[in-house]
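As written, the chains take the letters A, B, C and D, and residue 1 is the first residue of each chain.
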Amino acid sequence: MEMCNDKETLDTIVEEANKHTSQGKVADYIPALSLANPDTLSVAIFQNNNVCTTSGDINEKFTLQSISKVLSLAVALMDLGEEEVFSRVGKEPTGDPFNSIIKLETHSPSKPLNPMINAGALVVTSMIEGRTIDEKLERLLSFIQELTGNPSITVNEDVAKSEFDTAYLNRSLCYFMKQHGVIIDNVETLLELYTKQCAIEVNCEDLAKIGYVIANDGKDVDTNRPIIPLHIARILKTFMVTCGMYNASGEFAIKVGIPAKSGVSGGIMAAVPHGVGIGIYGPSLDDKGNSIAGMKVLEALSERYNLSIF
Amino acid sequence: MEMCNDKETLDTIVEEANKHTSQGKVADYIPALSLANPDTLSVAIFQNNNVCTTSGDINEKFTLQSISKVLSLAVALMDLGEEEVFSRVGKEPTGDPFNSIIKLETHSPSKPLNPMINAGALVVTSMIEGRTIDEKLERLLSFIQELTGNPSITVNEDVAKSEFDTAYLNRSLCYFMKQHGVIIDNVETLLELYTKQCAIEVNCEDLAKIGYVIANDGKDVDTNRPIIPLHIARILKTFMVTCGMYNASGEFAIKVGIPAKSGVSGGIMAAVPHGVGIGIYGPSLDDKGNSIAGMKVLEALSERYNLSIF
Amino acid sequence: MEMCNDKETLDTIVEEANKHTSQGKVADYIPALSLANPDTLSVAIFQNNNVCTTSGDINEKFTLQSISKVLSLAVALMDLGEEEVFSRVGKEPTGDPFNSIIKLETHSPSKPLNPMINAGALVVTSMIEGRTIDEKLERLLSFIQELTGNPSITVNEDVAKSEFDTAYLNRSLCYFMKQHGVIIDNVETLLELYTKQCAIEVNCEDLAKIGYVIANDGKDVDTNRPIIPLHIARILKTFMVTCGMYNASGEFAIKVGIPAKSGVSGGIMAAVPHGVGIGIYGPSLDDKGNSIAGMKVLEALSERYNLSIF
Amino acid sequence: MEMCNDKETLDTIVEEANKHTSQGKVADYIPALSLANPDTLSVAIFQNNNVCTTSGDINEKFTLQSISKVLSLAVALMDLGEEEVFSRVGKEPTGDPFNSIIKLETHSPSKPLNPMINAGALVVTSMIEGRTIDEKLERLLSFIQELTGNPSITVNEDVAKSEFDTAYLNRSLCYFMKQHGVIIDNVETLLELYTKQCAIEVNCEDLAKIGYVIANDGKDVDTNRPIIPLHIARILKTFMVTCGMYNASGEFAIKVGIPAKSGVSGGIMAAVPHGVGIGIYGPSLDDKGNSIAGMKVLEALSERYNLSIF
């Protein structure tokens, strides 16, 4: 696989993509997110031999938001196994919005359709091992630190608190599932953990490294040591394709064809199977909640370097 | 209107109705309710001149549960007026279950369809006036004490606590509505008030008196003094017909034709327009959540005394 | 019951109501209906002793449309009995639109919720007795002729044809129910019958007479002869209250409190229990599909003569 | 890519898979399908150099059913272009059943979510070019004959007629979409074409060849001549992954990871990107409508030869 490894080409692609930011807008439902600069765009491409090509201000930090759903799922699968995890959350994509509650009522049992919609992600987070919130969060953080090789990664407590205070819809989803025995935990405790998980702060280089490990069957970039078992890395890529980009997943799969997961902070983590990992930060979102410029970058890279898995 | 006023006839009707209790079962989702004796059946018919014909153990107490929705609606309408109340809750019957959340997502704005389903009742309770829970509860209790002339009516705190602890579905409804600005209050505080409202304890004579006042355009039985304005009493009767008996309201309207509201405790409060008030307690419920024997009593009375409004 | 029987008062009420026609618009989805004059308003009130007070051009004809649902239900109930009819159509009001298909898929069995929504009305029409369309239509027509004492009532074939050709949504409902065995007939034949039923042409005096018979327990106005059995007349009034005015039935019950059924032609047939029958034609519709001026007339009459059943 | 090319290994895999047929059952809603032998299992793997490894009775014919949705989509995309086709059908997977009508009512505009559910496939078929049914069918058949190199492929008229006569649900979907302008054609004509499309008869070798062309960017096996443009072949593979296996697509993507499309006849057509094409016939279906033994074969092949795209 030939791949972009010169900064100049990447800069050109990024510059081109950045022209589209004005068509979207920054997420405004969380105060902390609404302060982001809509014209920012940073990209990192992580390849073998520790080569990382970047463009834009790669030191700019942002919170994982929905990207964290892939990582909590990895942890839950590693700790509890496929059977246990998928007894409580499904594997099927859905045409409903990521925060919809309808299927929980119409489906019996009221098991969320997949781990990438909020209901499913909340169930997955409730399966992270640990006796206390701190232990559970530590479990997740140390996994992410290992993936990125960046021990300084931590939670942005302001964002976490801001989200926790206004997480009414997620509370609604949780209590609905608690009524039906799908969630057993105390809901407020679970939400505290979940909002902290969403508020874990990274930069686009961190995301690129995470993508690289997932792309390469879960192996550590430097040492070739397995961090995620192969079959779990494959599961993650599958969900990234079928439901990684909210309600534009199908269109994205056609246009770009790279497993990817976006968050409302404007981050995208992409994993080209047996190839590169890509991290993007561009907070101007389209109406589906995906980074407008980020999608353009991935589209350009996929076309130019023939990265589609299809 | 000729009406049953001899105990003997009523005893016969009650005895006949009581044969059906074994077809149902006592509500089991609240521990306190599950202890009820399924074979109990008590009935009180309140007529003019303070005549009250009764059958069964009329001293047996039970909690209002959903019957309280009629009374909180009365209070909200009296305190805030029709316009304000119906800007936040609709007037239309629904074919969905009383605890359904779907319409809150599919309808825009996410205003509950009517005040007799849980979502609507929760909004109504949030409109009871008072600066604290105690004040709001006092507002409701004093209204019920005035309606019944029974100053000893109060909350069964055990039932209230038991319901509060397990009210996950109502929490889910509340947080969903809070997300959409339909509920503004603190949810936990609102639920405390709501579960206390549902746990107000009465006997069937109390219910009969309440029904009598509503039946007779809101006037106090003894003094003819208006307790509820005429147009509000009419609104209450209307909701009792179109949505008073859960998802059997339509069938009940055809078969019995008396405005009535049931609760999962097994109580039914019925108001024959410009006629009698009827209170019933029979905790064995059918699959829709209505008192099996209670429905039979009302069916027999309606047929015998031609009470249908249609 | 005191009731309006002088033309002058009625003219005043009609004149007042007619000021609201500009807020609505004539149904435009059927060419024949779209030609109606939006400012027309005619009203007839039928009382005992053959007194009929009228206002406006009472010779103006219009098609029954959804008002026919009440009459086909009467015929099916008389011919097949309650048990058979309600084994195939429900009795419960619904918050869904009259032409919604969703509940047919989510409910099991896929039995329509009530006979006033299109799905339910189509099932009811499929139960009208007769070996051929002509026989079935004749059955219905002769019933309506008997009710009105007007042997000239017949189908407006142009309207029928126009509706038949564009009845895609009703076809969709029919085929869905045929899939699930709720409709057994040939769908095209059923739709031909149904669109003819909807296109039966009357004037407001005819409607008033129909309302009068239903109001008075099914008895013929002149001879006191029963045309509709008492318990069926009661069923009709019940459905008219719980689902007679589309998705404004609940609000109408509160505001007016008279059993009534409207059609998109702008007709309303109302039946004050044990009182008068009212026929109205005012083709300017509100956004729920009810005659704007017609609703105002009924509101004024109900208030002035205290006609609410509640 | 190493791949199975010895009959012995394939026979072993097939034998093993065949043990599971008793857990499923043959589709019974179409008489012609219900006659299939549930224990039949035939598999063909088409590789480069015209190598085709087979197992079982590869001469047994079966109808394409839903597999045809991939081929009609290919034709529509080639004839009308992406923009036109996707203006009338979406690209997103759905958690709803393949024959669900709900989203057509709740979504606005009522555009089907994707071309693999029935509603979407019907819209796609309505876009096949031709002035008459015969011309349109000929367009599709000649495309399939070219793909397979088998000029004898044609429609099983008995199956087509049997499906046409009972296609009530598809009629319902069509008329619903016609109401909303998504389908413009005459519905009966469209259904005749659609049921003929579904009744096109192939054997598993034909399917393997089709899969091979799609797998290899649309190029003809022998001549390397492009039959399907590369970007359209990619679109087909994408839909096969996100929605090819009914409501088990997500699980199949995880477990097997090969683009595949199944039909209720028991056929599966699979396309390993830049690798082999696989055709399977095993009419015993699981509760999602997929060939039980066919899924097992694909699972075994994917595992053994590492065929997952993820």
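The rule is short, and it goes like this: contacts are C-beta pairs under 8 Å (C-beta built on N, C-alpha and C of every residue); 3 or more make two chains touch, one makes a residue touch a chain.
Please read these numbers as outputs of a predicted model, since none were measured by experiment.
Participant: I'd like to verify one number: the distance from the centre of subunit A to the centre of subunit C, where each centre is the average of its C-alpha atoms, in whole angstrom.
Facilitator: That gives a centre separation of 56 Å.
Participant: Using mean C-alpha positions as chain centres, tell me how far subunit C is from subunit D in Å, no decimals.
Facilitator: Measuring from centre to centre gives 48 Å for this pair.
Participant: So how far apart, in whole Å, are subunit B and subunit C when each is placed at the average of its C-alpha atoms?
Facilitator: 32
Participant: Enumerate the residues of subunit A that touch no fewer than two other chains.
Facilitator: Touching at least two other chains: 106.
Participant: Tell me the shape of the graph of touching chains, choosing from line, ring, star, complete and other.
Facilitator: Topology of touching chains reads as a ring, each chain with two neighbours.
Participant: Which chains touch which?
Facilitator: Result for touching pairs of chains: A-B, A-D, B-C, C-D.
Participant: Where on subunit D is subunit C touching in the complex?
Facilitator: By the definition above, subunit D touches subunit C via 100-102, 105-106, 168-169, 171-176, 178-179, 187.
Participant: Residue numbers of subunit D touching subunit A in their complex, please.
Facilitator: Of all residues in subunit D, those touching subunit A are 90-96, 103, 113-114, 234-235, 237-239, 241-243, 247-251, 253-254, 257, 259, 273, 308-310.
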